[in-house]
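Note that the chains take the letters A, B and C in the order they are written out, and that residue 1 is the start of every chain.
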Amino acid sequence: MRNTDTWPELLCIFGTGDLGRSLGQRLLQSGYKVVYGSRRPHSCGPVPQGAQVMSHTAAAQSASVVFICIQREHYGFLEQLAPQLKRKVLVDVSNNLRKNLYPEANAEYLQRLTPEAYVVKAFNTLSAWALQNGPSDSNRQVYLCGNSTEAKEAVTEIATRLGFSVQDRGSLSAARELEDFPLQLFPLWRLPLRLAFGLTAFFFFYLLTRDVIYTYATQKKDISFRIMVSLANKVFPIVSLIMLALCYLPGVIAAVFQLYRGTKYRRFPDWLDRWMLCRKQLGLLALAFAFLHVLYTLIIPIRYYVRYKIAAKLDTTIAWRSDSYYSMGILGFGLYVLLGITSLPSVSNALSWREFSFIQSKLGYLTLFFCTFHTYLYGWDMFLRSSYYKWYTPPGYMLSLLVPSVVLVLKLLLLLPCVDRSLTRIRQGWERTEPQDDSQKSLIT
Amino acid sequence: MRNTDTWPELLCIFGTGDLGRSLGQRLLQSGYKVVYGSRRPHSCGPVPQGAQVMSHTAAAQSASVVFICIQREHYGFLEQLAPQLKRKVLVDVSNNLRKNLYPEANAEYLQRLTPEAYVVKAFNTLSAWALQNGPSDSNRQVYLCGNSTEAKEAVTEIATRLGFSVQDRGSLSAARELEDFPLQLFPLWRLPLRLAFGLTAFFFFYLLTRDVIYTYATQKKDISFRIMVSLANKVFPIVSLIMLALCYLPGVIAAVFQLYRGTKYRRFPDWLDRWMLCRKQLGLLALAFAFLHVLYTLIIPIRYYVRYKIAAKLDTTIAWRSDSYYSMGILGFGLYVLLGITSLPSVSNALSWREFSFIQSKLGYLTLFFCTFHTYLYGWDMFLRSSYYKWYTPPGYMLSLLVPSVVLVLKLLLLLPCVDRSLTRIRQGWERTEPQDDSQKSLIT
Amino acid sequence: MRNTDTWPELLCIFGTGDLGRSLGQRLLQSGYKVVYGSRRPHSCGPVPQGAQVMSHTAAAQSASVVFICIQREHYGFLEQLAPQLKRKVLVDVSNNLRKNLYPEANAEYLQRLTPEAYVVKAFNTLSAWALQNGPSDSNRQVYLCGNSTEAKEAVTEIATRLGFSVQDRGSLSAARELEDFPLQLFPLWRLPLRLAFGLTAFFFFYLLTRDVIYTYATQKKDISFRIMVSLANKVFPIVSLIMLALCYLPGVIAAVFQLYRGTKYRRFPDWLDRWMLCRKQLGLLALAFAFLHVLYTLIIPIRYYVRYKIAAKLDTTIAWRSDSYYSMGILGFGLYVLLGITSLPSVSNALSWREFSFIQSKLGYLTLFFCTFHTYLYGWDMFLRSSYYKWYTPPGYMLSLLVPSVVLVLKLLLLLPCVDRSLTRIRQGWERTEPQDDSQKSLIT
């Protein structure tokens, strides 16, 4: 029986860098006592209030669980500490900058350096923000692995008390997989997306030739404004249908293979295996194209081109403008729905943190851009005509453009290389006010 | 190792009120033995079949886990029972009627009264219905907290056997949070909803002035029927676009703050923190408005006003009627989709029981009302014209109105103050057939 | 404390059939050692590489956990092994071919045969594919039940290491429920679906009589082409509205019951209980019909019939064709969205494996069929007219029909009785290359 009298428990953190401080702060908030291990305990920069700083040896001896918040390159000195770390639970929270940088996983390397410690890989799939501020959307799940069941239970208890839910991924040999997880960006979507892009491009140029260029070549008539809606509404259903078929084709091929071979115990060829694994993604992309097709179809009767078909003269500029207007709206709405779907708890849980922030941030701004552009196209040159300023009030759409335009301009400014660079540095822990401490820190941790 | 021979385990429940009886019935169904502790064991009203009733002291001694199904106001007597409750697991299932009613959480108060017992806060986030009938949609998750790991494990085992899944929320200091949980009603949605309402109201009156009133004032022409669709379809996209921008604005402001301060370690001002926490809700509301905008746009060519634009004379009544008809349909459909989305398991799990039943019941009836009204508008005065009764059969839409109208009328009757009051009392456990027992119970438990 | 030095752990599997081999292969891949128990250890057919085969007695003695991968009919011999299985964890993974085949659950029968073993029911809700290849969409959750907490913990650890997440369903008396789970096909949807079908059929014939037949009988005018869209768009909203009302009616009736009886402690009649349990399904079906109604309404202005209303002559064939074209597209899109929704992690987790594969496979092919047919209707006799082959290129829609047609034809071939039969046999483990082993296996396992 675990003794409940020793609460609050004392936990040790090696490393006083950004990650170590974030984690320490959160542990203190959850009621733990925290001691930092540092090479130079007296000049290691600021640590969260309430935490102590000691030498590595003293810190390790005082606690039974040690968080290793050090970069892999600096793991070397832990080999000399191995005797002090004997029978301790070492939590490896490290990540690498890219895949296959080292021959073995960081956690396995750590285990090799300290063979008598119980190494547990954990917390590395969370963003530093989540470590400091607690669980949120796609940062609720902590994956861990390790060879000692007891050690994993101890880490599970800490993670649970911090508000996370834990999923055990088995022995330490799964560490590599966990370390690769935060680096991945939709691995299963890559092939289907390339395919979708390729098919779209092919059919776009194919139909552009057949419809627009052919008409111009044979009749000298410019119907290029049809690109925005008519042509898009031919390309999307075609791609959707082919993708849907490609989603069911591998199952049929697999059945043919089994029939031909007369057994199910022989592995399928690699290309078929890979194809079968991304069927779900193929299907969902096909659905997205079908969805766009539906919307493009439904706006047909509203289009300028259709409404003025009977009218005497077609103004190509207006046709272009109104079709672009509808197109931007539809694409914006499509992205909008995508953002909404990824906000569903079960979907956001299934995404890595990098994937989630990619969608919510990058695609989010794209949605905002489409919708804003859609509104600008709606306005067109309305702002020049005094007749629209009834009773000296501006039209409603103008008011609605204020905030979005400000946000987009600000975002663009933040994307300027010089601004972006210093923002990235700040977010990685750099501080303008104490450049000296910073340079020291990078040596120490 | 836990001895498996002592099964079925004996559990103790203090309190024979509604909650105690529901819980006891469920425990008995799951195979446990149950003993009730009561002040007057011989006159405490009905208990579920198979359960025993004893004095508090005798009941507490017979079991190692005691459920406290008593209201906080009556906790006082437990202080004298403290010696008997030493080393027992006390499960506090209580809730308060509103937040901040007491200076400390009920479970913490209980722990103070019985310092040597292991108090666990649990089950309080479930509805009484779920306790009696087992887990369902938004009643699957049991949150618990407490200072003793062993005690939490014991309660986890019981909850699991009852079919619930358990989430540990850490030490007893989390009890307040758990007790506030069932009282909350979309706390993060409040600000975004108010904003959406405010923006909608502002732009509605702004555009009403510019479009309808201005036209009437300058041209003496009544185009008020445009309110239902044309005006709504201007307000919705405007609000949607602004809300979407407001969803991304705080991120930009935060970056500017960091750039200006040159550090990320200083907290943002409170208003920014609160704003950032509700970005997801802002975005989803923006999506809802965009969705309505899309539907309102797509029905344009069907509208009476548009179809008869070319026609000689516009009948304003018909225009009002047909536009209201489409409006009701769209709003009903929008609510419909909302109901569908909250039925998704992951969404309903993320809602508190109160939130879930609010949406499914209140909004559900609103959906039914919109759809029924939409159908009545479709019918209009058709029921008066004999030509519609072909072969003496009523039109299909009339048949479809039968059940919905009955349901709505019944619901309205149930909402009458006198009916509603006695229904609420019945649902709280009052019984017409045994008024004496009832008055006794309220003294005993 | 569990000793971590005994890793890799040795697990025992009784039975070398298809299931036993799949499971063994997966256990070996996850790092376990595996020993098979067989009646004829020297002639039992192929086992995965790395596994040993022994007699049942020897195998049982070597491990503390024994997986019983034998059909229930052959359990009898385990009674004689009872002494060797004393204090062992027996994992029952069996399923039956249909419900209520036996008076007691397989796992309870196993417990009766070996009273001193710790029987745990587990893994039976997974498909054999998932057992061999690891967790995927609707095969991530392992349900288990048993009377010994320790035994369940041991099985939980194995399942977790295999990558599954575990849900404890309580004591062994839940085994029947777990054994029925893979056999169920939308049990709660059955009543609502029948109702929806009945209402749709009734209103279809009712409106067919009123609209089409009445017109023909009285005016000798054939407007049968209206069936595809106009009539469907009357039937769908009617059914939707009634289903929505039926979703809220039982709640009202229950309140009336409570008011009438003056208590909430008397059970509702069975029919009301059953009705209340399927309210969610009623509501979602109503939503689906409303969704179709919306789409059917939105395409009105695109329809041939509406666009050529003013035109001189209505070509009924073209009206039929274009309306069918839109109908197929809408139905295909509706199914499409359904497929997308069931791909949401939380939804697919809530489905049994049989339900999930029913939707993704059967409805998937139906979607493909509708979409392909929709495209064929779009093309109609276009392929006959040389004017469509501009610059000798075929129209885009033709290219898009290639893959879908091939898939559908292949699938149809695979559905031919003779092909289907041998494919089913192969998927159940039959191999053409070793017919002798196969006949032996069926005797042994």
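As a convention for this text, a contact is a pair of C-beta atoms (placed from the backbone, for glycine too) under 8 Å apart; a residue touches a chain by one contact, two chains touch by 3 or more.
In this text the structure is predicted, and so the values were computed from the model without any measurement.
J.: Classify the chain contact graph as line, ring, star, complete or other.
T.: Per interface graph, the chains form a complete graph.
J.: Rotating subunit B so that its CA atoms sit on those of subunit C: what angle is that, to a multiple of 5 degrees?
T.: 120
J.: What whole-Å value do you get for the distance between subunit A and subunit B if each is reduced to the mean of its CA atoms?
T.: The mean C-alpha positions of subunit A and subunit B differ by 31 Å.
J.: Two or more other chains in contact with one residue: find those residues in subunit B.
T.: 298, 301, 344-347, 349
J.: Would you mind writing out the residues of subunit A in touch with subunit B in their complex?
T.: That would be residues 1-2, 4, 7, 30-31, 137, 157, 160-163, 165, 295, 298-299, 301-302, 329, 332-333, 336-337, 339-340, 343-347, 349, 361, 364-365, 367-368, 371-372, 375, 390-391, 393, 395-397, 399-401, 403-404, 406-407, 410-411, 414, 419, 422-423, 426-427, 429, 431-433 of subunit A.
J.: In their shared complex, at which residues does subunit B touch subunit A?
T.: 118, 147-150, 167-171, 173, 203, 206-207, 209-210, 214, 234-235, 237-242, 244-249, 251-252, 255-256, 258-259, 261-265, 280, 283-284, 286-287, 290-291, 294, 297-298, 300-301, 341, 344-347, 349-350
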